[in-house]
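Pasting the structures in now, so scroll down.
Consider the two complexes below, in which chain A is the common component and chain B and chain C are the respective partners.
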Partner chain A sequence: MSHLLEVNNLKVSFHTYAGEVQAVRGVTFYVNEGETLAIVGESGCGKTVTSKAIMGLVASPQGEVKKDSEIKFKGINILKYTNKQWQDYRGKDAGMIFQDPMTSLNPTMKIGNQIREGIIKHQKVSKKEAQERTIELLKKVNIPNPIERIQQYPHEFSGGMRQRVMIAIALACNPQLMIADEPTTALDVTIQAQIIKLLKEIQRVNHSAIIMITHDLGVVAGMADRVAVMYAGKIVEEGSAEEIFENPQHPYTYALLNAVPNLELENKAELHVIPGTPPDLVAPPKGCGFASRCEYCMEVCNRYEPQYTQISKSHRTMCWLHDEIAKEVYGFDNVRSVIKK
Partner chain B sequence: MNSREPLVKVEHLKKYFNMRKKGVLKAVDDVSFEIYPGETVGLVGESGCGKTTCGRTILGLYPATEGKIEFQGKDISQLKDKKEIIEFKKNVQMIFQDPYASLNPRMTVGDIIAEGMINHHVPGGNDRIQELLAMVGLNKEYTNRFPHEFSGGQRQRIGIARALAVDPKFIVCDEPISALDVSIQAQVVNLLVRLQEQLGLTYLFIAHDLSMVKHISDHVGVMYMGQLVEFSSSNELYKHPAHFYTKALLSAIPIPDPKLEKTKTVLPLEGEVGSPINCGPGCRFMSRCKYATEQCGIATPELKEIGKGHFVACHVLENA
Partner chain C sequence: MLKYILKKFGYMIVTLWIIITATFFLMNLIPGDPMQSGTKILPEAVAKNLEAKWGLDKPIGERYLHYLKNITHGELGESYTTPGLTANEVIGSRLPASIRLGLQAVGVGLVLGLLIGIIAAFHRNSWIDFIAIFIAIFGVSIPSFVFAALLQKSLGGTFFPIVGWVTEGMGLADSLRVTALPTLSAAIGGIATYSRFMRSSVLDVLNNDYILTAKSKGLSNGEIIWRHVLRNSITPIISIVAPQIAGIVTGSFVIERIFSIPGLGRYYVDSVNGRDYPMIMATTIIFSAIFIFSIGIMDILYALVDPRIRKSLIK
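Up next, the complex of A and B:
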């Protein structure tokens, strides 16, 4: 089966006064139709930049998508698109839900016009039809009184409502690929649950693919079919949701899983922390990016970059602990059982 | 509960904001609870429910509209003596939500921490600043640096050092971790717990991340539209939630386990928080509560004890 979206060796850099920031350093993944891929990682690990590259929103000249990168949408490399082709692609083939519903809507435009914009751009419909479609979309995302609501401005909407409007805009042309960049981070848990339910429902009806970018592992567990864990501009582990949560193979992944407080855990017990901070991507480390924060760091980790090890057909990880020699020396299974405590 | 004297006692606290033509916004409406020394009380609720206003009013940053706040047995609105007021302000400190906005970008870290010490004539000078930095896990040499040179987690540590500088007894932590990444959140929470053990601090911990609140708090209060709907020890609250709103809130916490998360039932909580402007009598949760009866629309439910130290405000539960 060919994939809906294929990203091959994506590299994105930003040129700043401090030097070249290598935000994304060779990322490869794919998304199938009707499937949800979650990209997880800390701020600054390159997850948002990856999604912007897929939407063609990396601002040049500061931002640069490196030459040998490839993003294939239905088999066509979209990085070779002209401006005109990009405009057709955005909104119609791929829609994006941005992180902050408070700042991503135009405060001087009525809600109806903001949604209609995409419909008029991509579909040959009359104004009246576009209006009807807009109302339909607002109904779809569960906004009450859509007929009155389209005449209102963003400041008259609450955070959860605005996020729904954002989703309606992304949905306007039924894109096959939706990118949700931390769609619920700015929202309360109850509203978060509503939005996630809505996204799932839309996915079921439209059979669209979703790339979900988040650092909330709980949200990932509820939404994702597959998970890619990013660290310092690289995917360090990728697998199905079950594989990642039940059988994590990269020290960063289990450190992340352990950092979440468990409701069963005793109060005020020491939480597992990941000491230190992510590396500076102006001068990325020669070896493994996580080496300086890793509890199981070996000498080789600082010198050479690990390669991917295939754990199962869908599960791969990038860590020296999986090397044949390391297994002998270290007893990797023991390491994991220690962590699980 | 406890035989000791509470450090902070909040009684029927009300804080209304006058919105001129629009009416009156009842941000905090009749909230009562106690915080004992060395304990942490967590306040949770959706945005706009009045948790931050409650915290700020307790610190005296807003004058209370009605009700009483006692700190160490003294009503803070009755403090007349200047010395007493200064003493109170030295004893209560705050850690703010946004570490990017709460540090003055034009002051060095040393100046930021020293500001309170100078105002309150706390002795120690430079040595004390370095000691504080070490206490929050930062390098001693950072005193001459500016906030923009630090990451979010480090800035939050600076904010904590600033609060600790004047030897407070009581700290209001207003969503200190919401702006941080998961791994950094754990670092800051561990630091707060450690400092509490070392210095015997008392916290009011305001957050909307329920799992973190459970982790750090001894008691938890759930707020809805300016009112406390449930108050209990944190273990009891998470094991046996009584109020329908608490139950819905808890069921909405995403669990980082795909099998559990995909099969669990989220109690539906339709709609959003209503407007606290000019709200009438009756239970405020009524519009979102499927168990609501006639009585709920008539009178505001009061907090009633249903178990040892477990208080709930709900008519339906009361009659059941």
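Up next, the complex of A and C:
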């Protein structure tokens, strides 16, 4: 089966005064129709840049998508698109929901117009039809009194309501691919759950694929079919949600799962943190990006970059611990048992 | 909204009254009086007569009240230096040229300034941007009268007359042609200022998240500028345009001189030198009124452009 979206060896760099920041260093993944892929990782690991690259929103001239990168949407490499083709693709084939609904809406434009302009741009409909469709969309994202609401400005909406509007904008032309870049990070917890529920509902009805960018593992567990864990501009582990949560294989994934606060623990129990900081991507490490923070770091990790090891058909990880030789030397099963604790 | 506008107008009238009062008393504090300002020293009897005629022999308080009463009837008084000519007549015949020059200059300044600013912002750090910066520095640092002389020398001739103004019965195209050089001279400062402000304002707006949202909808650059950038970046410009309008109407007496424009600017300067009290008062009132009015309009424009300001006002 061919995939809806295929990203091959995506590399994105930013040219700054400090040098070339290699934000994304060769990322490969795919998304099928109707499924949800979550990309998780800490701040600065390149997940947002990846999503912007898929939308063609990497700011030039500072940002550069490297030449041998490939992003295929329905088999066509969209990185070769002209400006006009990008405009047709954005909004119609792929819609994006941004992180901060407080700043992502134009403060001087009525909500209705902001939703409507995408519809008018892509679908040859009259203003009146577009208006009706806008009202329908607002109903779909559960905004009460849509007829009055379309005449209002963003400052008259709460944060959760604005994020619903953002979702309506992304949904406007029923794109097959929706990218949600930390859609719940700026919202409070009760609203988060509503938004996630809404996204799931929309996905069920529209059968669209969602790429969910997040660092909230709770969101991932509630939504994702598959998970890609990113670190320092690379995908270090990828698998189905079940595989990642039940059978994590990369030390970073362990650490990430460990860092989730456990509500059943006593108040006094310490929260787990991952010591150290991510590597400087102006001069990325020669070996594994996580080596300097890894509890199980070996000599080889600092010198050579690990390759992917296929754990199952859908599950792969990039770690030397899975190398045939490492298993012998280290006693890999020992490591696993240590980690499980 | 209407209530807000009415309130604004109320404030404008109060401000104007304060200015009238302050000018009236300040004017009388200037050393010298109309009788001494000329080169000829008037015989005492003549001076006495004139004082009586103009009411200058009365106490200042009475004169002030008398003046206020006249103003409410729209009478600005008769000129001292040009007997027989009332301030109303001078303003009636001279103000239109000044206003036309001022408005044309602000209009040209705004259109060109905003355009240059937007283009420069979109081509940040390229050669286009550098040209825009050059124009801005050039416009700010070269005085308008030098620029006027340069224009007269390089473009002046039969098509663009070196001096002169619109005469009666002239068509629109001709009148624009005749006023082109003075307008451009008076506009150059505005072009420079607006383009700098607009450039930084547009750059600010382009960094906002909602521009990314607009792009992700698939809008073209033109649509993004027109619908999302322009309105949001124009607010800082509004605040600098108001003083500029008044400044150009009042401050272009040099331009008026250079191009022999029958404007009001000359009277503004001459009346102070001649201690021509009614003319001083009249020109000051007119210019303050223009100033206050343009600031008031800008306040209302703010509210029209930005719904958040509108909301806070209505509350």
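One rule holds for everything that comes next: the second predicted complex is superposed on the first by the 341 of 341 C-alpha atoms of A that agree within 3 Å, B and C clash if a C-alpha of one lies under 4 Å from a C-alpha of the other, contacts with A are read in each partner's own complex, and residues count from 1 in each chain.
As a convention for this text, contacts are C-beta pairs under 8 Å (C-beta built on N, C-alpha and C of every residue); 3 or more make two chains touch, one makes a residue touch a chain.
The structure displayed is predicted, hence computed values, not measured ones.
Superimposing the complexes on chain A yields a three-chain arrangement in which chain B and chain C fit side by side. By the touch criterion stated above, A:Thr108 is placed in contact with chain C alone, chain B being left untouched. Of the two partner chains placed by superposition, A:Tyr81 touches none, neither chain B nor chain C. In the overlay built on the shared chain, the residue A:Leu217 is in contact with chain B alone; chain C does not reach it. In the superposed pair of complexes, A:Tyr308 makes contact with neither chain B nor chain C.
Contacts of A:Gly95 after superposition: chain C is touched, whereas chain B is not reached. In the superposition on chain A, contact of A:Tyr296 is made with neither chain B nor chain C.
Put simply, the nearest alpha carbons of chain B and chain C end up 7 Å apart when the two models share chain A.
Remark: chain C residues 208-210, 212-220, 223, 227-228, 231-232, 305-308, 311 touch chain A in the complex. For chain A in complex with chain B, the touching residues are 42-43, 158-161, 188-194, 197, 215-222, 224, 241-242, 245, 255-257, 259-263, 265, 267-275, 277. Residues of chain A that touch chain C in their complex: 55, 57, 83, 86-92, 95-96, 98, 100, 103-109, 114, 117-118, 121-122, 153, 155-156, 166, 169-170, 172. The touching residues of chain B, when paired with chain A in their complex, are 46-47, 151-154, 181-187, 189-190, 193, 208, 210-212, 214-218, 234-235, 238, 248-249, 252-262, 266, 269-270, 272.
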